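Two complexes come next, and they have one chain in common, subunit A, joined by subunit B in the first and subunit C in the second.
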Partner chain A sequence: MIKKADIFLGLGLIAAAVLALLFLGGGDGEAMVTVRQRGEIVYQGPLAQDEEISLAGDFHNVIKIQSGEVFYAHSDCPGQDCVKMGRLSGPGQLACAPNETIVVVERRESGVDSIAG
Partner chain B sequence: MYLAAVLVLGLLITAGCGPQTETSQCFAMGTVCSQTVAGPEEWLAEGEQMLFAMDARYSWRRTDSEISRINAHAGEFVEVSRETFDLVAKAREMAERTGGAFDPTIGVLSKEWNFVEDPKVPSAQVIENGLAYIDYRQIELDAAGCRVKIAPGQFLDLGGIAKGAAADALAAYYRAQGAESGILNLGGNVYVLGTQPDGTLYRVGMRDPEGSANDVYGSIAVRDKAVVVSGAYERNFTENGETYHHILDAETGWPAESDLLSACIVADDATLADALSTAVFVLGSEKGMALVREMEGVDAILIRKDNTILASDGFVEKYALQLTKGKPYTL
Partner chain C sequence: MRDKMPSPARRAAIFGLLGSLAIVLSILENSITGMLNFAVPGLKPGLANLAVVLALPYLGGGAALAVSLLKALAVFLATGTVTTLWFSLAGSLLSVAGMWLLWRFCRRIFSLAGISALGGALSNLGQVGVMAAISNTPAFFYYLPALAIFGVGFGMLVGLLGNMVLRRVPRERMLGQAKKSGV
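Here is the complex of A and B:
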């Protein structure tokens, strides 16, 4: 016989499990963009939210989040490797070594643990 | 109901347990160095310091590095640290083993092309003159005195081997601390330490040479291995409509023109893998794979310009190769 208390306990446990999955990172949550410069986080937000991030330093980077993609839209660094890295629409990273900036997109999903190349 | 409660609580507890995995990202050796290790934060902090110290020793771009001292005193013996001596010795050995396809004395021309800071096509005369100084056999080593000498006019560039050496040094350090789990990625040079904390193998993706930086053409499951890929896609620039990539052919002084789009080496020794991936890329699929077959415990997977993939014997099974769907490359 199911009592009212059991239903409350059940609902409570489900809520706890959902919260735990969210906080412990077990879910397939939305993709998040983190931008760091010299190790410090300078921007964090969802990949789904359009944004333009301008970063001064030894060089000047403009990072754009647009229509679910993030990319280096402009950089005045000499090699331009960051601009040539293309766009990220899922987990991965882009970086501008001369300006010490890095863009990381994270979302827990199956795939590779690291990329060689 | 109470059984369910116990089960859910059990899940909550186990989800939060297991060895603590720490990650760090820093800029060293002209690239992004990412480290993930199951262990305390202090290990990674020490790992970062090691990277900065190696950068300071090995970079020819830093005027105060040990390599710059050797370059500035070409023609004389220069005393260096044991680490620098060992790396120059290893670079010379790899040059010998690859018949000069990897050659650390390429520096005389890499500084002219200057792919990192101010890329430009040197004049044919500059390239011609530079070629005369590219010869690893003129590197003299005095092991007892920890001294290195290059010939007058020569210039060392350890860019094709230093990241591998850094990965080996970091892996040795983490192992000595007791780490059983970790993955290091030094600008695309990956080293896998042990297995993931839950015992499953790490899976390393190989970058698609014709895709963006996060596009992989396939992946492999490895343990205690270095996975290093050389390709024409990185550090390239376009001048007068022509694209030039950063892997120079020591024979011609120009960016290597082989039949390969990318060369991936899998080996226990990251230093060897780093130098070898450059050499194989320069040599092309036939000579490159022949060289790989000569070396024990070394595997390779190459992508040719005709989109065919060439893998060393048993590669597919040994590393559970998975090719990404929708890519044009075929085995």
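Here is the complex of A and C:
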């Protein structure tokens, strides 16, 4: 019922994704947190630095960076997807689509200066 | 060589069947989406794609697109967040386009399993891709392996289900073109 070609396609897609990650992702410097609202950067700082960021918009988000983790501590959006996304202690992203906010954690290439907050 | 074209009424009935399948599965899928948040926030199992995938052999690419849009509408009505509608539309359109291409040109090589696997991968990719493009963050690349694995995995499962349905109700029978009289 399943054909060989199906399996090759599936494995091929996964391989392509992993390769794409290896070539495009990366950086092994310090973990940086960037918080954007409507595409604009509203905060940028190291993951290691504790901070509390309060964002108003259509809804209200409170993002906390604490003990090397970043998470949505509070939001009054209807779905609460952002809060449910949990905590990031490494590269990844969280977002609150209704409030148009997004939290990204990424590692810079080591040797690059950090951006002034 | 087809003996006769299925009547518009028949096609409408099949579309109605697939459409309601899409809606019911979407609602079902919505309740279990929360479990996957550990890997990628907002990742969906893509169960409702069964209706889209089955539309391809029974009714063709245009109907598949229509079922896909219906599915997106159903999710929007169920969850009520407008912003996610755009993301899921992007994923759906990309997904249907890819599946249709495979169906149109490589039908002999792949079964519905492979087609659906591609559809699943493209759907997830499209959603997160639009999210990243709008918010200006290339960091979504970190999610590519998880997206691909889950998209392909679930896509395959859905495709296998599609194969099973197709085996029991082949195209000719669904369209009323079966040689034997009666069903």
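The rule is simple: the second predicted complex is superposed on the first by the 80 of 117 C-alpha atoms of A that agree within 3 Å, B and C clash if a C-alpha of one lies under 4 Å from a C-alpha of the other, contacts with A are read in each partner's own complex, and residues count from 1 in each chain.
Methods note: contacts are C-beta pairs under 8 Å (C-beta built on N, C-alpha and C of every residue); 3 or more make two chains touch, one makes a residue touch a chain.
In this text, all values refer to a predicted model and were calculated from it rather than measured experimentally.
Within the superposed three-chain model, A:87 lies in touch with subunit B and out of touch with subunit C [touch as defined at top].
Once the two complexes are overlaid on the shared chain, A:106 sits against subunit C while remaining clear of subunit B. In the superposed model, A:36 lies in contact with both subunit B and subunit C.
In the superposition on chain A, A:95 contacts both subunit B and subunit C. Once the two complexes are laid over each other on the shared chain, residue contacts for A:56 go to neither subunit B nor subunit C. The intersection of subunit A residues touching subunit B with those touching subunit C, taken from the two complexes, comprises 2, 6, 9-10, 13, 16-17, 20-21, 24, 36, 39, 78-79, 81, 84-86, 91-95, 97, 100, 102, 104. For subunit A in complex with subunit C, the residues that touch the partner chain are 1-3, 5-7, 9-10, 13-14, 16-18, 20-21, 24-25, 34, 36, 39, 78-79, 81, 84-86, 91-95, 97-98, 100, 102, 104-106. Of all residues in subunit C, those touching subunit A in their complex are 34, 37-38, 41-42, 79-81, 83-84, 87, 106, 109-111, 113-114, 117-118, 121, 131, 134-145, 147-149, 151-153, 155-156, 159-160, 163-164, 167.
Contact residues of subunit A toward subunit B in the complex are 2, 6, 9-10, 13, 16-17, 20-21, 24, 26, 36, 38-39, 78-81, 84-88, 90-95, 97, 100, 102, 104, 111-117. Listing the residues of subunit B that touch subunit A in their complex gives 1, 4-5, 8, 11-12, 15-16, 25-27, 30-32, 34, 36, 115-119, 183, 185, 187-190, 192, 196, 202-207, 209, 211-216, 219, 227-229, 231, 233-237, 262, 264.
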